[in-house]
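Only one structure is covered here, and it is reproduced in the block below.
Chain nomenclature is as follows: A, B, C and D, assigned in order of appearance, with residue numbering initiated at 1 for each chain independently.
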């Protein structure tokens, strides 16, 4: 029954084989941008689910970095190269840290949530930048991943990692789609709209925010690991405010309407940047800024609204009641 | 009749101003009770204290024999005390149906799952049914922010009832409803509420409505209770006539004091 | 004791620069509820135009004393023009939009301003040291300090005082306070909110440019200085309470002293001292030290 | 019912994806188009240049390096460089450049794009050590000749890529800058009893200070560190740091500041007498000397990360380079320009020697190559012939007020073997071990 799979999820499942196929069809450099975009896209997803609760994290790079570093340090100091162990290390680190920090952050809203998350991420930036054992600002390199004792090299390694990344990214997206439609997901919407009423309906806004914060942290850490492994390198720039800022901008530009939006938006923005650099290596920021400005002016609800507005107009004809949450 | 709620010597001070002083009220199960008083008399403060939004400076609130003073709003809601608001507190950018669905989702105290959709067909049907009770199901797909004040008031009240409360506070349910629609509005409302055994306390400025719908009435003045008893007696009370009903049309300087003004809205 | 005095003077000097660089940001936020990332762009524009003007002026061999006039003039012209263009050309169409969206808009403007600055002045750095050296130094407990530093401190006090007087003692200021308090009511009262927004934004932009212009003689004006100031000034106004002029002053002093103390006592902490202070202040006072009062909902 | 819903979903999904697919499609077509044209011409060698074109490192490093690249490309293609580089092209092929901004979050993806989409034959670039650390393994994976022309970290061939095949570095690493600085101060009889450092709080600053302070501790018994300042990069305001240095009264102040940070420190420090009270050594000071002129205090010890700029020995090639650069850009070339020219001349020398611009031919010839750059002899001596060593030099700044000209006096040259660790020894072990095997004439 479709009861268990909504349209977005079906779309994502359909996209999965296509995504894997492009590794064989498209030129390697585009696949490469797709690959890293899945990593950073997951962080944008983490930002997006918080945005659903009206919370803008200007420090999501924190968990992007925690994921990457936890995986990297597991490899560097424990000599582990197994993909799943590294991924688990990233998740575990983010889980612990976000659980603790959540007690602080759940009390904050609006710009103060943004600034506090920023402050915490910048403290980590400072700490990592002055830790010479971890290569300071230059960071350090990660091992090539192995999979349950199998250590592919060269093209096989790249494709294995890419395929796994596709599976995990799509899996995360589906899980988050479920999360948004779960009780907590609805509570988050309600918090964004009117937190007072949420409390009066008999549930704790703090707990919902805390939970969302942890979920966002975990998915960002997964993004961090998936981004760092193909790169083979991590550095503190991952938790710098400029990195976090980009995640926020991608989420807003893509729109919070659909779980797939940040993933696609990340890739599109990356491609725009690549062509802006190619077109005008000295003033690409000007082009990027203008594109952003025009997007906001003409598509205030993000790029995804291009798609939903089309849907709405076609739906009117079908005259079916709009399903909430879709 | 069983006592549902009892307040003892409730006191609330904002700086030097008393918003409530020695407030003692008892509410019985299934009772309907009207509260009158001029702006700044402490009516909303009373509701705010009982529902946990404000913590009283001193005094006790007893609900079903247990002290609930100072408990969090959400915990009090879970005990079965709900409220509506003078200014509707809704989720303005969402459709009416979704407002109700959120309220219903939260009200269901089942074990929440992170990855199971919270909303299904059954819940939607329940939401539509609730809306029909209040005669507003035709607005189900409209955004709150596009609706007239009267409908918003009803949605606000409908949301307060989803948890099937034992005690419901309605803060000026008819404010924002045009004068000639007030009676009909209250009739729909009380009819909807009578289907359950909910005790209702409503704050009202229109004496006709109080007379019509509540057998008992409490009058507030400057944070204290001026009178409490059968509605016709209270409305005939000299002090009530002088300080409450009379002052509806001319504000005294204390009423305009900024602290209390902010308190009201 | 020596260290304590050094921390006090250094802290004050840093705080003065911080205050000048962030007061425009807090003003704009207070009135318009826009967290203006383009502020960094105005700062850079001010710094470049002042360094450029001073460079041109001193190249003529004219007396250095008059070059001081170029600093406020450069800020006024650069900040005024840029502020007006941004407000009239872009922001005007955006009022009423979501706060977060406005952050994004101003970020886009910032990116554009960065490259515009680069197109005008190139990537080479500009140096205009003459004013900073003109008055020489004074010694405090054996440490020489430039007189120019004290001029900056004086300017910061002057700007703070003027803003206080304008806001609290003039009719326009009082109307502005009403706008800050409640936008809807003030437009209902017949106040021309749009005009107030325009003026505030331009004044904020000029103040941002002044922050850059006045520090230009002490530094090397090079690409990227705008990005650095953004987070720093955000920290200052968040600590002080967003939208509060007095808060910005206190925030600047706290950050200034924290940084000076870490430099003198534990240099490795300099990198994150500011963020540590910000996190600490917010943990105790979640909305900053002088948060604007929120009106109660029910 | 299930089926129809599914079908509808598919339909809408397809409809909705059209725009996205179209956007991606445009990208792909464009990609193939450019790749096609690149293959059409074969008498050219396509080189990707990656330097900072935006951000704080653009002005002092990225843009001078790009300028030098433009000048050298034009001169190489037209055969305008003095002997032995008088032939046109590299190995007969003309250089076709493509410039990319190093200031990017996706450096590796950008690199792969250069290799895959733009089809470059080699990549020359990377100023930041962080970039080099990330790119070196990528280059080996992509099997593309990659020449790191500037970045300073010794780790590249010590830890990251220990058996390089495609990665070369044509500039010396940062260790020699700081070892030479310490040796220079000692030779000039500057008291090293108490030293202070002000370095940016990131890898470059931390490494520089560690190498310098450790070297001084080796060279001078009983030397003490009076204060170590680590302000944030691009901080710009150094009032507190200057006070801290002044109160700690060191004999020597060391700084590896660069660009705007260095210039700001010179202005703020000189205004308050730091340069009079202590001997200040600026390891990258050369980039600022012609810009600051009289503002740079006399007696400042200045380095150029190699014998570049004013520290370069006189030669026909150097004279040509300075003049050509000045004529074209209106300023004298600083060390990033020299390093870029050095890298491109290395490529040309290798290609000319092999007689081909083929990647394998260049790699084979460049390994262990010795060539003359504008700043003298360069030898690919370390890391299997992939890491260059070069002499270095330090001098003392002197401003001739009458002529309005900045000069360097007391220039001391240090042979490469004197200030670089021998092959197989890491820099810090070498310094702490008392410079074992250093050959300093």
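As a working rule, a contact is a pair of C-beta atoms (placed from the backbone, for glycine too) under 8 Å apart; a residue touches a chain by one contact, two chains touch by 3 or more.
Remember, predicted model here, so these are calculated numbers, not experimental data.
A.B. asks: Both chain A and chain D are touched by which chains?
C.D. replies: Under the touch definition, chain A and chain D have C as mutual neighbours.
A.B. asks: Which chain maximises the distance between its CA centroid and that of chain C?
C.D. replies: Here the answer is chain B, farthest from chain C.
A.B. asks: Between C-D and A-B, which chain pair is linked by more C-beta pairs in contact?
C.D. replies: C-D
A.B. asks: Central chain, going by Cα centroids?
C.D. replies: Chain closest to the assembly's C-alpha mean: A.
A.B. asks: Which integer distance in Å separates the CA centroid of chain B from that of chain D?
C.D. replies: Here chain B and chain D have centroids separated by 72 Å.
A.B. asks: How far is the middle of chain C from the middle of chain D, if each middle is the mean of its Cα atoms, in Å?
C.D. replies: Roughly 35 Å, centre to centre.
A.B. asks: Measure off the straight-line distance from the CA centroid of chain A to the CA centroid of chain B, and report it in whole Å.
C.D. replies: The answer is 43 Å.
A.B. asks: If you average the Cα atoms of chain A and of chain C to get two centres, how far apart are those centres in Å?
C.D. replies: Inter-chain centre distance comes to 33 Å.
A.B. asks: Residues of chain A touching 2+ other chains?
C.D. replies: 126, 129-130, 196, 282, 285
A.B. asks: Touching at least two other chains at once: which residues of chain C meet that condition?
C.D. replies: Where chain C meets two or more other chains at a single residue, that happens at 114-115, 118, 227, 268, 271, 297-298.
A.B. asks: Could you list the positions in chain D whose residues touch two or more of the other chains?
C.D. replies: 53-54, 201, 230
A.B. asks: Okay, in this complex, where on chain A does chain C touch?
C.D. replies: 51, 56, 104, 107-108, 110-112, 115-116, 118-120, 122-123, 125-127, 129-130, 196, 241-242, 245, 248-249, 252-253, 282-283, 285-286, 288-290, 292-293, 296-297, 300
A.B. asks: Help me check something: in the complex, which residues belonging to chain B touch chain A?
C.D. replies: Interface residues on the chain B side: 51, 72-75, 77-78, 82-83, 89-95, 97-98, 101-103, 105-107, 112-120, 141, 159-160, 162-163.
A.B. asks: Going by the contact rule at the top, pick out the chain D residues touching chain C in the complex.
C.D. replies: Against chain C, the touching part of chain D is residues 53-56, 58-60, 62-63, 201, 227-232, 234-237, 239-241, 243-244, 246-247, 259-264, 267-268, 271-273, 291-292, 295, 331.
A.B. asks: State the interface residues of chain C toward chain A in the complex, per the touch definition above.
C.D. replies: Listed in rising order, the residues are 35, 90, 93-94, 97-101, 103-105, 107-112, 114-116, 118-119, 227, 231, 234-235, 238, 242, 268-269, 271-272, 275-276, 278-279, 282-283, 286-288, 297-298.
A.B. asks: Under the touch definition given earlier, write down the residues of chain C that touch chain D in their complex.
C.D. replies: 2-3, 6-7, 9-11, 13-14, 17, 114-115, 118, 123-125, 127, 129, 132-133, 137, 142-146, 148-149, 215, 217-225, 227-228, 259-260, 263-264, 267-268, 270-271
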